[in-house]
Every structure is written in C-alpha cells, then in structure tokens.
Amino acid sequence: MRESVRVDAETPILEAERVSLRFGGVRALTDVSFAVRRGEIFSIIGPNGAGKTSMVNCVSGRYRPTEGRILFEGRDITRMPTRRRAALGIGRTFQNLALFGHMTVLDNIMVGRHHLLRSGFLRGMVYWLGGAQREEIAHRREVEEIIDFLEIQHVRKAVAGQLPYGLRKRVELARAVALRPKLILLDEPMAGMNLEEKEDMARYILDLNEEWGMTVLMIEHDMGVVMDISQRVMVLDFGRKIAEGPPEAVLADEHVKRAYLGEADEAVSEPEEAVA
Amino acid sequence: QPIPVGHLMDNSGATSDVGVPYGQGVADALAWVNATRNGVNGRRLNVLGFDYGYQAPRAVAQYQAWVNRERVVAIQGWGTADTEALVRFVTRDRIPYISASYSAALTDAAGRSGRQGVEAAPFNFFYGPSYSDALRGMLQWAKQDWERRGQQGRPRYVHMGANHPYPNSPKEAGETLARELGFEVLPAIQFALTPGDYTAQCLTLRNQGAHYAYLGNTAGSNISVLRACQTAGVQVQFLGNVWGMDENAMKAAGTAANGVVFPVRTAVVWGQDAPGMQTVRQISRQSDQAGTAYRPVHYLAGVCSAMLMVEAMETAAQNGGEVSGPRIRDGFYARQNWVPRGLEGVCVPVTYTADDHRGTMRVALYRAVVTGDTAQGSVADLMRAGTMRIEPVATIELERRRDWLGW
Amino acid sequence: MELGFFLQLLLNGLIVGALYGVVAMSFVLIYKASQVVNFAQGEFLLVGAWVCWWLLTAWQLPFWAGFLVTLAFMTAFGVILQVVVLRPLIGEPVISVIMVTIGLSIFFQALMKWMFGVFAQPFPSIFAADQVRVLGLEVQSVYLLSLAISVAIMLGFWWFFTYSKHGLAMRATAFDQQVAASLGVSVPRVFAMSWAISAVVSAVAGVVVGVVNGVSSALSFYGIKVFPAVILGGLDSIVGAVLGGLIVGVLENVAQWLDAEVLNWGNMYQIAPFYALILILLIKPYGLFGTEAIERV
Amino acid sequence: MAVMTPAGDYRTTYREDMTIFPTLGSRVALWAGIALLCLAPLVLDRYLLHLLINIGFLGIAALGLNILVGFTGQISIGHAAFFGFGAFASAWLHDVLHVPVALAIPLAGLMTAMVGLVFGAPAARLKGLYLAIATLAAQFILEDFFARAQWFTGGVAGRVTEPFGLFGIAFDRDETYFYVVLAFVVVMFLGAANLMRTRDGRALVAVRDHYLSAEMMGINLAYYRTLSFGIASFYAGIGGALYAHYLLFVSVEAFNILFSIQFLGMVIIGGLGSVMGSLMGAAFMVLLPEVVQGLANLLAGSPIDRALRLGASISYLREMVIGAAIILFLMFEPDGLAHRWRLIKAYWKLYPYSH
Amino acid sequence: MSATAPDAAAAPPSGAPRPAAAEPLLAVNNIEVVYNDVILVLRGLSLAVPQGEIVALLGANGAGKSTTLKAISGLLRTEEGEVTRGDIRFAGERIDGAEPHEIVRKGIFQVMEGRRIVADMTPVENLRLGAFTRSDAEVRRDIEMVFEYFPRLKERTGLAGYLSGGEQQMLAIGRALMARPKLILMDEPSMGLSPLLVKEVFGIIRRLNRELGITILLVEQNARMALSVAGYGYVMEQGKVVLDGTAEQLANNEDVKEFYLGGHGAERKSFRNLKSYKRRKRWL
C-alpha cells in the first residue's frame, strides 16, 4: 500500500485550464490555470477571499467552474458528479471541519472506505452470511493502520463531534487518507493549531507524500509550513493567479509581499529571514 | 355474577356530537336497570364502556378484547364502518350486536337478499328504520311536497356526505328510488364529517340547481353546510338523516337549520308527554340528579335501543335459561310490535324476524323550526320558549318490500 | 352562469385563503424564531375561539371587549406556554421541541373538549348586517373584517422582520441559539415573544372562523391546513406564507369546481392542495419564496 | 479523554471489537431476554400478550421510521400511510390473490418498499422540514388512495382478513401469534443493527451528519436518501402486515395523520438513531394509554372521580394525560429513552468514579 | 511540574490568588467544569485579568481554553456544561451561573471559536446584531468604523454565509466591536487569516486595548503573536494552569520557546526535518 513516488515533472496529475467561477456578481476565480505534478506538494496561498477554497471546490466537485476545464490524470472531470471523484482518487479535508459529528472516529474513517467496499444494504443486513463481516474486518485492518499512523488510537471510539479541534482535524485527515487518494486536497490543515501540532501535521503531510505516495494540494496561511514542505506555490489574489513557482521565489515577489505578507514584523516567522 | 355487556361509544371522534347523547342514553338505561330492577333476572349488568373515537380499527381491537378476555354476551355498538366490519366476527362468535348504525346491510339476517357484498348478519340489530328506508320515506315525502307546491318539471335530488360507510350507506338506495320517482339525480357532493367551511359545496349546490339535498353526515358537519348555504343564499330543501339533525344542531346552526326535514325514531321528543316519559325521566336522573337536563332525540333512541336489549336478555333468562348470545338473539324474535315495558308511547313498536331485521318500516318525519337567535340560552330554554321547535311533518308507512332488504 | 359560479368560488377562495395566510404567518413566526414547526397552531385557534365565545356568552361581554380580553389572554397564554413548557427545552434538538408541540396539540384538543364539550357552538351575531354583497356573492361581514385585520398583521410582520432589532434577534436565534446568546440576545425572551405573537394572531383567525362557522374542535384542523400554505410560500417567508394561504384557498375552491363540473370524484377539495404542494416542491425545493439553505464547505 | 471503555475490556480481534453487543454481559442478557419472551405466552395473560404483540409490530415500523429520521435525518410525517399500505397489501395478497399469509407479509413489505421508493425518489431533493411536509402530503394522498381504491383496500369500508397460518396451523390467538411477531421482531432488529455497522448504514448516517462532505467521500446522496425511504417503508410494510393479520380487519381510518405522529413520537421518545430505542419508544406509546386507563380505573368511584366527573370525560382526560406525558417526558428527557439508558449504563460502568 | 521554569511566576497551578493588580476586572477562582454531568474538563483553574490589560491564554488542543472562555461568558450552559466548583467574578460580582445574555449586558463579549457568524444574514445585519444590547444612536457610525478596519467586508453585500473563511473571521471580530464591551474574550482570532491580516488583527487588538481601553482575554495558537501583544500570559494543560507570568517571562521560558514559539532563540526550525523524533513533553 505504501509506495514511494518521486515527483514526476512530466505528467501532471491535475491540470486547471483557464478556470473561472462566478457567483452572481462575485468573481471568485478568473482565468486560473495551473498544473500539479504527480508526487509533489503544491500549495495555494493568497489573501482571504482570494478564491483558494473555491479552486479546491472546483477540483473536488463542490463547484462547477463557470468557464474552463479541469483535468485529472489527463481526463476531463469538469462536469463529473462529485461522488465519482472519490473513486477516481481525489480526497480532501475542509477548511471548516466537516466531520460526521455524531459518528465515532472509527466510523468516520470507515466512511472514507465507502467506494472501496462492496457489500450493499442487503448483504449488510445479513452481516454474517453475505461476506459483509469479512469485508468489514479486512478494511478495519487498513483503517487501523491509518489510525496508528496519525496517532489517534486513543480516540478511536470517541464521538467525533466532541473531540477538541486539533484532533478533529486529524480525524478529518484520516478520513481523507482512507479514501486512498492519489491526490489529496488539504484546506488549511494547520489552522488553529499550536506549533507542536503544526509540526506533527507537517510530518504527516510529508509522510503521506513521501511514503504513501500521495500528491498533495494544500492551502495554508502559515508561511513557515508552506516554505518548508511545498515544492511549488501558487498565489491567488482577487481570484487571479499572480505568481507561481518555488516558494522562495514566489515569496520574494513584490506583488505577493504587498498583497499577502505585509511589512516585515518581528513577531511573524519571516520567510526572507528563513531563506537567508 | 354480573352479565358482561360491551358498550362502544364515540365520545370524542368525528360523530361525537351525536354519539355523546346517544351513548349517555344507553349508559343511563343500563344503569337504571341495575339500580331499579337489580339487573336482568337478578344478575347485574357489568357494562364495559369504551370510547373508540369513531375509528373502526379501534372498535375491532376492543371487540376482540371483549370477546377473548371479558366474554361479553352482547354489545351496544355505534358506527357503520365498525359495525359492518364486525359482522363476520359477531356472527362467528354469536354475539348480538345492537348498533346505532342503521345501515340497511345489517338487516339481511339470513343473507337471502343475494345482493353483492351483503352478507348474512344474523346477530345485528338496531332500533328504528334503516338509513335507506328513512331516505326512501323522505323521498316519497319530497315527491308529494313537490307536487303539493305545484312545482313544474322534474325535481332535482342530490346526495351529500363524506366518503365514509355511514353517509354512503343509503346512497344507492336513495338515488335508485329517486330515479324511480321521477327525480333527476345530480352528482353527489362530498363534505367531510368535521365542521368546516363548505361554501364551495353550497355554491356547487346552487349552481346545479338542486331542489332536494340529502345530508348524510352527522349534525356537527351538516350545520356547517347549512350555515354556508344560508350565507350563499341557496334555496334547497334539505333532508337530514336520523343523526343529521337534532336540538343541539338547531341551536348551533340557528335559523340556517330552519326547515330541514328529518326522521325521528321515537314517538315523542323531550318535553312532550307520553306514558313512557315517566320512565325516561327516571332513567335520565341516572346521570342528572337534578333532573333539569334537556335530552335530545338521540338520548331517547339510545334508551329504546338499550331497553330492547335488556328485554331480549330477560327473555333469554326466563325459566332459568342461560343469558347467552344465541338466546338473546332469540329474545329479539319473541315479540311482535314490541315496545319495551315502561316505554309505551316513547319507543315505536318494532318487530324482528329470523330473516328480516328491519324492525320498523314506519318513517316519522319532522321539521326543524328555528325562529330566532339561538346563541344565547340553553337548548332547554330555547325549546321551552319555542324559538326552536321540532314539528311533525308526515309519517310514511313504507311497504316491506323484499327487494329492499339489505340495501 | 358558469363563469359567475367560477368567480364566486374564486372570491370565496381568496377570502378563506386570507385566513389561511394569517394562520400561516403566525406559524412562520415561530419557525423563524426557533426552527420549530408548531403542530399546536390549530389549537391556538381553538383556544382563542373558545375563550372569546365563553366571554361573549357566559359573561355577556360586548364583542369588542371580549375580543380584546381574548387577545390579552392569548398573549399571556403564549408566554406561559413558553415559560412552563418550552423554556426547559432551549438548546435541545429541534425535533424534540416539535414533538412537544404535538403533545401540546393533543393536550389542548382534549382539554377544550373536556371544558366546552363536543358540540359546535354559535357565536352571538356581531354586526348589524351579517353579510354584504361582493361580486354577486354574499360574504360574511366578519370575513371582510378579517381581511382588513390580516392585511394589517401582515404589514406589521413585514416591518418587524425587516427593520426591528428584535426581528433580527429572532432570525439570529433561529439560526443558532448559542450565537444569539453570545450576542446578548435573551433566547427565552425571543421565544416567549414569538409564541405570544403567534398565539394572538392565531386567535384572531380562530375567532373569525368561529363567528362564521361556530366554534368546535374542528377549528384545530386549520393547523394542518396551513402546512401546504406555508410550504408553498417557503417556510421562512412571511410574504410567502400569505401568498401560500391565498393559493391554497383558491386551489381548494377551484378543485371543488373541477370536481363538480368534470371529475365528480368528490374530494378533490381536500386533497388538491397536497398535490399542488408536491408539484411545487418538485420544481422549487424551498417553496416559492423560501431562502435556500447555505451550503458551503 | 472522551472515550470510556470499561476496565477489563480484553478484546483481541477486530471481529470481537465489531460485535453489536460488545460485552459478554449484554450478549447473555440478550439471549436470556429472547428466551424469556419465548416463555411469555405460557405465563402472561392475554391482555399483556396483546400489549406485547402491539409493541412488536409497532416497534418494527418505528424502527423503519428511525432509520429514516434518526439515521438519515429525513423527517417523515407519513409513516402511518406506509404502515397502512403494508396492511392493505398483505390483506389484498391473501384475500384476492390467495397468497398464503406467511408469504403475503414479506411480499407486502416489498410492495410497500416500492411505494416508498416512488415517494422517496422525488423527496431526495428536499431538505429538512420541506421534506417532512412533503411526506405529510404523501400521507393525505395515500389516505385518499386507500379510500378510493376499492379493488385494493375494500374502499372506505375496509377489508376483513384472515389470521396467519403456517403448515396448516393457524396462529389466530394471542398466545400463538405472539411467536410470529417475536420472530419478525428478532429478524428485523438484527437486520437493522447489522445494517448500521456496515457500509450502507454508515453512508446513511454520513448523509445525515454532513451530506456535503459525504458526497465527497463518494456517497451517492440521491441513492441513499431514496434507499432509506425504501428501507423505512419496508419495515413499515412488515409492521402493517403483521398488524393486519392480528386485528383481522384493515380500514383506512386507522392510518391517519395522528398515527403517523405517534410513530414520530415513538422514535423521538425512544431515541433518534437508536435501534433498541425504537422498541422502547413503541413500548412507551403502547403502555402510556393503558397506564392512564389503569389509573382512571383505580380512581373510579373515588371523590376525585365524582368531583371531576371522570367517568363521563375519561376519554378526554386520557388524551390530556397522554399529551402531558409526552410533553413532560421530552422536557426531562429530550434525547429519548435510549440516551438515558446509555447514561445509566455508563454510570454503572464507571461507578463509583462517575465523575 | 516536571519542567523547570525558573523565571515563571512560582504560583501553584491552582488555588491561591494571583499576584496581579488589587482587584482584577475578571477573576476566575479554582473552577471545575463538567460536560454532560460526566466529563470533567477543567480541574481547578484560576486566572485573573486586570483592568485594561491584554492577557493571553495558551495551551495545546483540548487543554480547555475554549471551555474556560465559555465558562466565563456563560455559554457553557448551552452545551450541557456546568461550573461545578469555584467562582468567576467580573468587577467583583459573581457571574458564574448567570445567563449568557445577562453576562453580555454586563460587558463581556466572546468571539467564539469557528467564527459563528449568522450565515443567512448580510454582513451589515450581522454587525447590527452585534450591537443588540446597545440602544444608542452611534451604531451606524460604529459600523463604518468596522468597515474601516476591514474594508473587504464593505464590498460584500450578499449573505454572510458565502463569505470566505477569513472574511467571516473579520466579521466575527467586527461584531465584537459593535458590542462595545468592557472585556472581549477572543477565541483564536487569527485562525485562518492571511499573514497580512493576522498582523492587522493583532494591530487592531492592540488599538482596541489602547484606544478604547477594552480589556482582552486572548486565546491563541499563534503564541508568538499573542505574547507580543499581551502583558501577561497563562499556559494551560489538561484543564489546569501550569505556568504563568508576564509575557516577557513566558517568551523567555525554555519550554514555552520549544513548544509554542518554535526553536530556541530566534532560530526557526524547519518543518521539514522534524520527522526523525517525537517529543511529547508536558508539564504534567
């Protein structure tokens, strides 16, 4: 299951071609094109309301772009129903947690296995007879592996809605991982975490990328994290792409500095400093 | 050892407006029998009352409880839907079932009518003319009325009521006879068993140009129609069924009820005099110590119905006989032109035979007369003051036609 | 003749529909404040009508006095109901609260029967002229009065929700009680207010219907009848509720016309609004005017 | 942390970890309970059996509604109509098509499921209370159908049907019919419990909790929303069919809006999303009127009776008490019986360290 | 206490009064909070917020920071939580057990975690709601003030539910300003904001404190930022205060540096090279 995939510069796993998205008068995205290479960690940054989440929503199917195309592994998925994208290999987490609040952590993660499970309700009802039990146990094993990896063993049976914020984010990640996606979309995975937890999260993301072979598309406001773990960065502002490239270069861009980072301040981890 | 008797009532359902006084009449009569005659042949009646809210399934469930657990020997029943549903059960269990449903389908005791859907109902009885016969009587009166008033052309007749076994029961019989008598029969008009706004129905009535309209529901919803029709200015002669009009309804409908013609099952109404009224007043004191309550027509009918059963039981108990279902039934056949003891001049004479349970073919028609505001004052006051009156109109003696048996 | 008949039915539909609209509004009010669907709305009509009837007959009050006392009583009734029954349920799942309103409905239905009996009772006449002629149709004067009251109530509601601070607080409470509380809104007070207003407005409708048809437990059926009205308009729209009411009223009457003229089925009158309801929901899942739920991730 | 597993919990395989009844104690209790119920007809009187039978078939139908409301989050105020459809279907299959009752009951369940799917498919687009009220419309439309479809239902007069029979034995008395209902209850409840711990069951709950993210997990919303209608109707149909062959009479009057509301009451009082809660809720709704009646009987003849004229108004008082009981219950236990049950269990498990 | 905290105030984690100003505006004394009658979350927590100060409350996920704020603002009772021991005093008056709306009227306003704006209202309506407890005529002017702080919000006239995450956060803070409270409890105000806005928000917090004299209790994961604006700080672990001191003291504490600020001294560790080891060091 864990395979290593090196960044493959030639074949993009995800391509967005001139994507535009409008809500009535609001232009959430205008003419955005980019490509995510197989095996890389790709970050989208930008001011609040720039359209980052909207872009991810277009990829995961929540929104249909008003114009433009989105290709996944060379295949046009612009109009594909949301639910079919899971089987295709696109998993995601959400900016505002979207767990199944009344289910246990274990069940939440098992829902991630939905498209991999075969037994429908009839076989489910006769649990012991139709092979549902066998299947459940087999998948439970894989889910436990994810649980171990994300270190949430102790809350396995807890109700997801009552967990503290940081753990919920981790459960959400586990659920997305359980889909066994090729591309995982992370919408602000570090928000609301303290340094230590951010470090943990960074480690998980790196492991997912390097050991589990997942391509990562991440939205994040913590520049330290973005700098350190992503290979390439795209910057959106007012729905338009204003820069793309390796993090150092992008963050040095004047336009980006002005629109996004603001003046230097002793209290933020300054990217320039870190690079230097 | 007491005799268990079931008493099914509607005190809270769609027909509770008439169910309450009728049920009270039955209950008072049976209580009176216990109090003054020490029950039947020295055995007290253990009356098991149940308010089934006019829901046939609940009646059936209660019936099964009574038969299986309490082993009742006879039942005082209520509605058409439940009584008809229980026909098969009471026939099987041989339990006389005296209903307040006057559905003609219950009169074919031997199942000889050969009509489709009508099965033998050897254990079903009721007191008074069947719905169908009462309607037949009213139609014959309507025919005379039409001619007497010197009207031209064919009178138009329409059946009104809910889509429910009780209003439906005489529909076919009425429409058939109306055609025979030369009426033009209009498409039936539906309205629910609950009070409501029936202006639309009245406008339809007017638009159709009906002359005679049968009101198949109980008083509560009929008065809504009457009031709506009064407002809409509809001039129709309404024909109520036995449950369709009474003193309470006249009070509620006010002048809108004026002129409605309807059958009354007893020979007198409250406040009139007859030898048996003495007894009725005693019975009434069972639930009204002061003796001031006004008892509507349904109360009297309930008394008669209960007392018929009591006498049939007494007949069964004669000579040390067992008070069992089949013997009680035979008790109903024991007399001709039968008026329960002490109720002379109140209950009309009835005769039941083993293959014909049409107790009477006499239809006594009365007219509701309301001359003023009925909002203030009790029914008793209004009747006493003459603001509301129930006036005899005609008594139609129907032929006991064999081909009318069972529908 | 035919056209006249149709027009009369239409007019009747509008008049009755306005009443539905009023009840629907008071229903929407509670929904807007608490997301609770009030199954006891019909019983509010019932209680109001019986109380007014009792004041007029047993106490011989003149109509206007009796009516005002009824409204005062209903205000208290709404508040007490809220304090005794609904306040402890604040913060509990909405569905449980909905179930409680069902319990209330059962309770008051029976209580009214117990206190006032099962017979329909007539109201004393109120106006010198019981009816007036409109478009060739005799219309109860009370209906016209109710029409005027309805319009006034509707305007009041519209202002309340658009401009008043309390209307805003009510909407916030409906959206999220915790948030509302954190903003300094007294959630219990908002609920008490909405229940009281709703009870009063329903009682107005109850009295009007009572005057026309007599008071009986069947009045509570209005509580069910407004469902199609409310949904047609959209659960959270005051304007929608009024329009929905009118539509249902007209629909009933048109259905009766169709029934009488062509179908002869008999009960289109009762069932037609529900068919219409399903049809409209298929086309517009949030009713004609309801706001769509916000779905963002 | 919020997890509470009792001490002495030594489960070593996933299989053991995934049973419906996680502790030995609960398993033993289950089997003992079923065994006791099997003995019930030998010891209980008919009245109690009658109540148990009612709890049984109502519980099955309530479970169906709980799958719809509690698990999938789709409120339905039309459940009684589906219950009724099952009852009519079974009576029709038996009386008109002469299908043996033992077969007619499951077939009726399937027919009802079909009808449920027909109503459920468009309903999949509706949310929350809009759906609830669309089901209310379904309730009235189906009621109208029952009153009209003479060929199927016997029209407004209803249909008298026959008792359950198998291998020539008639299960026509409380003592015997009890076993029929018990068998159905066990099978249907196990089915539901199993469903809930497998793929489609989880999908249903996921749709309830967060349908947007469920969709992105690859869950077909329309399918599951419709499916849950189908399953709910199936359960309702089975419950209704069992009712039909118990009462031996089916009529449109029984399946009214009030009955639908009672079903809703059962699942809410029992506990939304709880399998066993459905049975508890059904028991509550069946026993409540009986208890009230019992109280009234106790009071009969006493001064209170005379003062309030209980005798004449018993039916109103009964209704009032039922209404009040529902209100009070929800005021003190808004999450239902199943929730209280869980808390009690948790309390005993952690005793004496319940804080 | 396993970690050495030489320069932290040596107060025991619970009980004894703090060596803060004579009468703090807000004093939380040794409270215990229980959810659902069974889950004990706060175990004898005490803290004090002096008038006119900014106090930071730091701690890991699940330490009970939000619970503490909810206990103060009374919102706990909307979540089946309860203060079972200890007391909370605001300006000398006990407020534990009071209704949330009463507490707001006393001048305590909480900016809840996760924004919690009213999605089906416009931003302006949300702001008007913030001013619900006020009845003066300056509401309109204050709305303009908020728009001045967050110009982006002014352009958004649709429903607030459609705002981006960061925009909603701005709205939530703006709403608090509208209430003109004496004390604002802020639960992770910087969550989901871009670096530029984070700086702006902290600038605004500082301005609120300096210009309007509003006292602020700040829960933040961005410890560096929080300590840069705060005068005093507390560190929580598992429902208790394990460390407190002036912002300076805390910023120089080795453990705080390591777990909350990142790296010793000014050097920032890279997120890339953490994977080799795991630390789970705690004060408890």
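Should a chain be cited, it is by its letter among A, B, C, D and E, assigned in written order, with residues numbered from 1 in that chain.
What we mean here is this: a residue touches a chain if its C-beta (ideal position, glycine included) is under 8 Å from a C-beta of that chain, and two chains touch if they have at least 3 such contacts.
These are the chains along with the protein names UniProt gives them: A, E = ABC transporter ATP-binding protein; C, D = Branched-chain amino acid ABC transporter permease.
Just so it is clear, the model here is predicted, and its values are computed rather than measured.
Most remote chain with respect to chain D, judged by CA-atom centres, is E.
Across the two interfaces under comparison, B-C and B-D, the one joined by more C-beta contacts turns out to be B-C.
Ranked by distance of CA centroids from chain C, the top chain is A. If each chain is reduced to the centroid of its CA atoms, chain B and chain E end up 77 Å from each other.
One simple way to say how far apart two chains are is to compare their mean CA positions; for chain A and chain C this gives 49 Å. Inter-chain centre distance (chain A to chain D, centres taken as mean C-alpha positions): 42 Å. The residues of chain E that reach two or more other chains are 162, listed in rising order.
Shared interface positions of chain B, i.e. residues touching 2 or more other chains, are given as 11-12, 163.
Across the assembly, chain C contributes 110, 113, 267, 270, 296-297 as residues in contact with two or more other chains. Residues 60-62, 82-87, 92, 94, 98-103, 107, 110-115, 117-121, 123-127, 132-133, 136-137, 140-141, 144, 154-159, 162-163, 175, 179 of chain A are the ones that touch chain D when the two sit in their complex. Within the complex, the chain B residues that touch chain D are 11-12, 24, 51, 53-58, 60-61, 64-65, 68-69, 81, 84-85, 88-89, 163-165, 168, 287.
Touching chain B in their complex are the following residues of chain C: 1-2, 5, 8-9, 12-13, 16, 57, 110, 113, 117-125, 130-131, 137-140, 209, 212-214, 216, 218-219, 221, 252-253, 256-257, 260, 264, 266-267, 269-270. Residues 23-24, 26, 45-51, 53, 95-96, 162-167, 188, 191-199, 202-203, 206-207, 221, 223-225, 228-229, 259-263, 265-269, 273-274 of chain A are the ones touching chain E in the complex. Those residues of chain E that touch chain C in the complex are listed here as 73-75, 77-80, 99-101, 104-105, 109-110, 112, 116-121, 125, 128-130, 132-133, 159, 161-162, 175, 179.
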